[in-house]
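Labels for the chains are A, B, C and D, by order of writing; each one numbers its residues from 1.
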Amino acid sequence: MAQPTNPSFDIAHLGHVELFTDRMDESLDFFTRVYGLTLSGRQEGSAYLRAWDDYEFHTLKLTAHKTTGVGHIGYRAASPEALARRVAVIEASGYKVHGWTEGDWGHGPAFLFEDPFGHVFEIYYETRRPDLSDGEKPALKNMASRFHARGACPRRIDHLNLLASDVAEFKTFMETCLGARVTEYIQLDNGRLGGCWFTVNNKTYDIACTEEHGGGAGRLHHVTYATDQREDILRAADIFLENGVHIETGPHKHAIQGTFFLYVYEPAGNRVELANAGARLILAPDWQPVCWTETERKKGQAWGLKTIASFHTHGTPPVS
Amino acid sequence: MAQPTNPSFDIAHLGHVELFTDRMDESLDFFTRVYGLTLSGRQEGSAYLRAWDDYEFHTLKLTAHKTTGVGHIGYRAASPEALARRVAVIEASGYKVHGWTEGDWGHGPAFLFEDPFGHVFEIYYETRRPDLSDGEKPALKNMASRFHARGACPRRIDHLNLLASDVAEFKTFMETCLGARVTEYIQLDNGRLGGCWFTVNNKTYDIACTEEHGGGAGRLHHVTYATDQREDILRAADIFLENGVHIETGPHKHAIQGTFFLYVYEPAGNRVELANAGARLILAPDWQPVCWTETERKKGQAWGLKTIASFHTHGTPPVS
Amino acid sequence: MAQPTNPSFDIAHLGHVELFTDRMDESLDFFTRVYGLTLSGRQEGSAYLRAWDDYEFHTLKLTAHKTTGVGHIGYRAASPEALARRVAVIEASGYKVHGWTEGDWGHGPAFLFEDPFGHVFEIYYETRRPDLSDGEKPALKNMASRFHARGACPRRIDHLNLLASDVAEFKTFMETCLGARVTEYIQLDNGRLGGCWFTVNNKTYDIACTEEHGGGAGRLHHVTYATDQREDILRAADIFLENGVHIETGPHKHAIQGTFFLYVYEPAGNRVELANAGARLILAPDWQPVCWTETERKKGQAWGLKTIASFHTHGTPPVS
Amino acid sequence: MAQPTNPSFDIAHLGHVELFTDRMDESLDFFTRVYGLTLSGRQEGSAYLRAWDDYEFHTLKLTAHKTTGVGHIGYRAASPEALARRVAVIEASGYKVHGWTEGDWGHGPAFLFEDPFGHVFEIYYETRRPDLSDGEKPALKNMASRFHARGACPRRIDHLNLLASDVAEFKTFMETCLGARVTEYIQLDNGRLGGCWFTVNNKTYDIACTEEHGGGAGRLHHVTYATDQREDILRAADIFLENGVHIETGPHKHAIQGTFFLYVYEPAGNRVELANAGARLILAPDWQPVCWTETERKKGQAWGLKTIASFHTHGTPPVS
């Protein structure tokens, strides 16, 4: 698989995900009390949430909606100049463009555009840091806010996974618009890409795309936050169990990316993950994407767990 | 503290450290059997070592020498063009330059230069990946080599710490020559910098510099490898204990950077660390360096452990 | 050190500790919100607390008092017959006896007696299990109550440590009255016992006694709850840090008993520990007590941490 | 479920399991190098193995045999008197008795008897402790031998699981002959016991029996060693993966007993487990056995993992 020879470095990192819910109260209770995010504020039908060491005002925008799924995905640019460069590239790309907005509550002006499957992306540079109440100030000043130890209490947003009917097309979109690099991918026997994992920095991935098998469009597979240790995920499994949260699969270790994982459904049905990559980073500037064949994928996860059927079909919003 | 407004992105990551030892056999036994690195090969008085998921031929070059300390520090550039850009900058900088070498066993042509305190640095782009024997091939193809579970078995090189009589001067050197960014620093009451932590990528730091209090020049404070989990470090403490390795301090959590740490002396006296940063990364392109005052530092480490006296004085080589 | 040849098996386990506090509100807030115990109920100036998997109504009785320290220590007998046997032995022993009480809120009739240093003990058989509210019922029916994940959230009471001016005398008391066995002890150069660890079952210890160096009488060194994993203790250290709790020493591993530990002071000054023994149990019926000499103890804890000065002097109540 | 009202305390703990293998060399390599037991010695076709903190000469006797499965199960009595008491009870019980042997290499005189399904048991009191070579001596004198950190390196033997066509009958056998107590059991809708977990001390179980569905007799389900932490089991999963060991299921948490588990097949096909119970112990002398109905068991393991089909059918020796 060919990689762009010159990483752009224009995009700094995944900023936030807007998640739709048709059970706002229950979803918000889940994300704050059980999953362990912090509410930065509420405005116009949305709750702005962040993990305890997320440095931005929000990394999850939870929006009351008629259905579930992903509202939009925000990436932060590395500088104002980098943002301008990216906008120029996107405008020239032919992909559908929504144009500039004045920005959301949690950040400055943003440029919106769309992948071929209906997922809306935005890029921005100016951002907002949370206003910490006294009770939110950390004991150690290098932390974004206090380690509150509430619920599963992940440290920061990690990645999301989108469904697309043509993963190769999504790959071109990511490389073109965000300058993203592929770190791992699934090559199906029929010549199609089964899935693709992308990064814009040293993280092993900040977005993944897997093939849509449910007939939907613009759907979300899952959103993920990172924990400091694998033990945090084992502990979270007990928290989910005690709170009646549906555990779909895990804890286990992915063969792809080697991530330790746990998948649950939040009350409205969106799949949410907790993950831990250990000390794994993609530091090599000439990283060669790792190809997984269909045969290799049939071996299941790293330690042999067979991938659960719903993992291939459940996405949000549900297909009616 | 002012930060360069445009991160260069020219340097990809810390590549390797050359460590001098005057007890080659014992040091090599320690690093392979107890600390858990893998020997890629030996050549002309040096052993080339790597952690199991280091992707390069070597990240530690252990060299038999009349004394201890650091031989040189290698950083890998992001591309051939980036390497050329950096060389031009360094040549124009006025810092002492050794010029090009054809490269070491583990990488291609390298450009050597020196900080004002006598530490030798090199930058290179062309690199070599280890030739895996059958027994070294990983079960998961996205790993650099097999998780061998021997000794403490850290995952990858993480950082090193150098001693300098003037940390501010070292800071200028790092910003100028490597385009490094400061993530945290210690501001002493006397106006001097007590220590400074630098990164060239999303890691929280890949090099640190603390003030030399022992009167030496060009000395090393420690070299560090990263473990996947904190539990790996607790387990390593037992391994060190059972193998008669001198544990200097830890396991505990640093206030600065929040890293979970354990410091030991390898048989020749060089300080070696195991560390785990959890899921902490520096993703913000406009990260504001965190300033620790002398008063704050006197509180000790994160959970109250007082910094042990030898930590402020022991460096290698010893001062005669 | 001679051991009784026939373990009595009459005493099943440490049941509870009554702790005095002269800052009731703050102590109760600490134990429930930060340390993570559950309030079973309040009655007459006392709060009855338990860990989530403690099966009895209370394992900590927190009592408002004019000072701090230990009120009494309760052990549960193995059967009504075993209780009767023990009472007969204690009555014949010559130790100070308080006689029968109708029992506390959390258990049935209890027989009270005293060690030569003023610590009050009681033994009982009839006990009370907590009445679980709907929110306290566990997801898994083999757990005593719900894993609530609040604060440090230890699993069960583990042990306590008392101070005595003559540890050998305390040893005779424990062997005589409770049929306890010594698992480890410190033999000082002056011929005295520096400390002694006792068990009545397969736990490595449920009570310890160390030499009083502060001139007090009937004092407490610490009370300890057990966590499931060492990671729980590392996580608790952050919780204590964020809540302004004084961390005295740890996390680290004891040389004696090999327990992973963390010591803090609750708001009134009583020392409280979290500990994890891993899978270590005393299963051998002919276990030979492990003797630690003064020289060996000077090596510090398992991984070299020097024992902090306050650990040898701080007890509750304070000596005026 | 009625429990014997007077625990006998005559039996101290599970001592060892003899495992048959028809691939002696491969099985021995697995148990020493991968699973991480230590070879105490070899004699007459058997290898005597122990975990690093097992205090007896052997806890696993691995015997070259024409097939696989369990040779015999040894329990250590609490005293010579207790041994005599038990022998009298067993002789009067009507169960098949093999009588006294002079003992095996690892212990003194033993009394052998048999359950109704052909599993051979022995009880003994006199035992042998391993002769530690210099390299096996522990750094901490309260450990049985050195923490060698080789392979999965569990701490001690934990339990075994036998298959029987009538679990209720096995229960009567255990209560009668060993004075064992039931801690948890499965009550099938057809009125039969689906499984039963027994203890003779404070461990949650040291033997379990589940219903034989494969038509065999005297078969073994699995043998288990305990690790100190759950993380040890996650790490072991990677070791098994890298060594080509068949991982049957896990890591996950059992609903029954709450044990964190991982099941693999050693090279000859015997199922071997690593398990961690956290700080869970059965301390209550009047513990009420926990009943799991068939409906409850259909929910799968604690975090929702469905029990794998082979878990219900695979036992050793295989049924021809």
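General remarks:
Going forward, contacts are C-beta pairs under 8 Å (C-beta built on N, C-alpha and C of every residue); 3 or more make two chains touch, one makes a residue touch a chain.
Computed from a prediction, not measured in an experiment: that's the story for all the values here.
Touch-path distance (fewest steps) from chain A to chain C is 1. More C-beta pairs in contact connect the chains of C-D than those of the other pair, out of B-C and C-D. Once the centre of each chain is set as its mean CA position, chain B and chain D turn out to be 46 Å apart.
The distance from the centre of chain B to the centre of chain C, each centre being the mean of the chain's C-alpha atoms, comes to 44 Å. Computed centre separation for the pair chain C/chain D is 31 angstrom, with centres defined by C-alpha atoms. Shown for chain D are the residues that touch two or more other chains, namely 139-140, 229-231, 238, 241, 302.
By the touch criterion given at the top, residues 5-7, 9, 12-13, 53, 55, 76-79, 81, 139-143, 154-156, 158, 184, 201-203, 226-231, 255-258, 276-281, 283-285, 290, 292, 296, 302 of chain A touch chain B in their complex.
Of all residues in chain B, only 138-140, 146-149, 151, 229, 231-232, 235, 238-239, 241-242, 244 touch chain D in the complex they form. By the touch criterion given at the top, residues 230-231, 234, 237-238, 240-241, 247-253, 260, 302-304 of chain C touch chain B in their complex.
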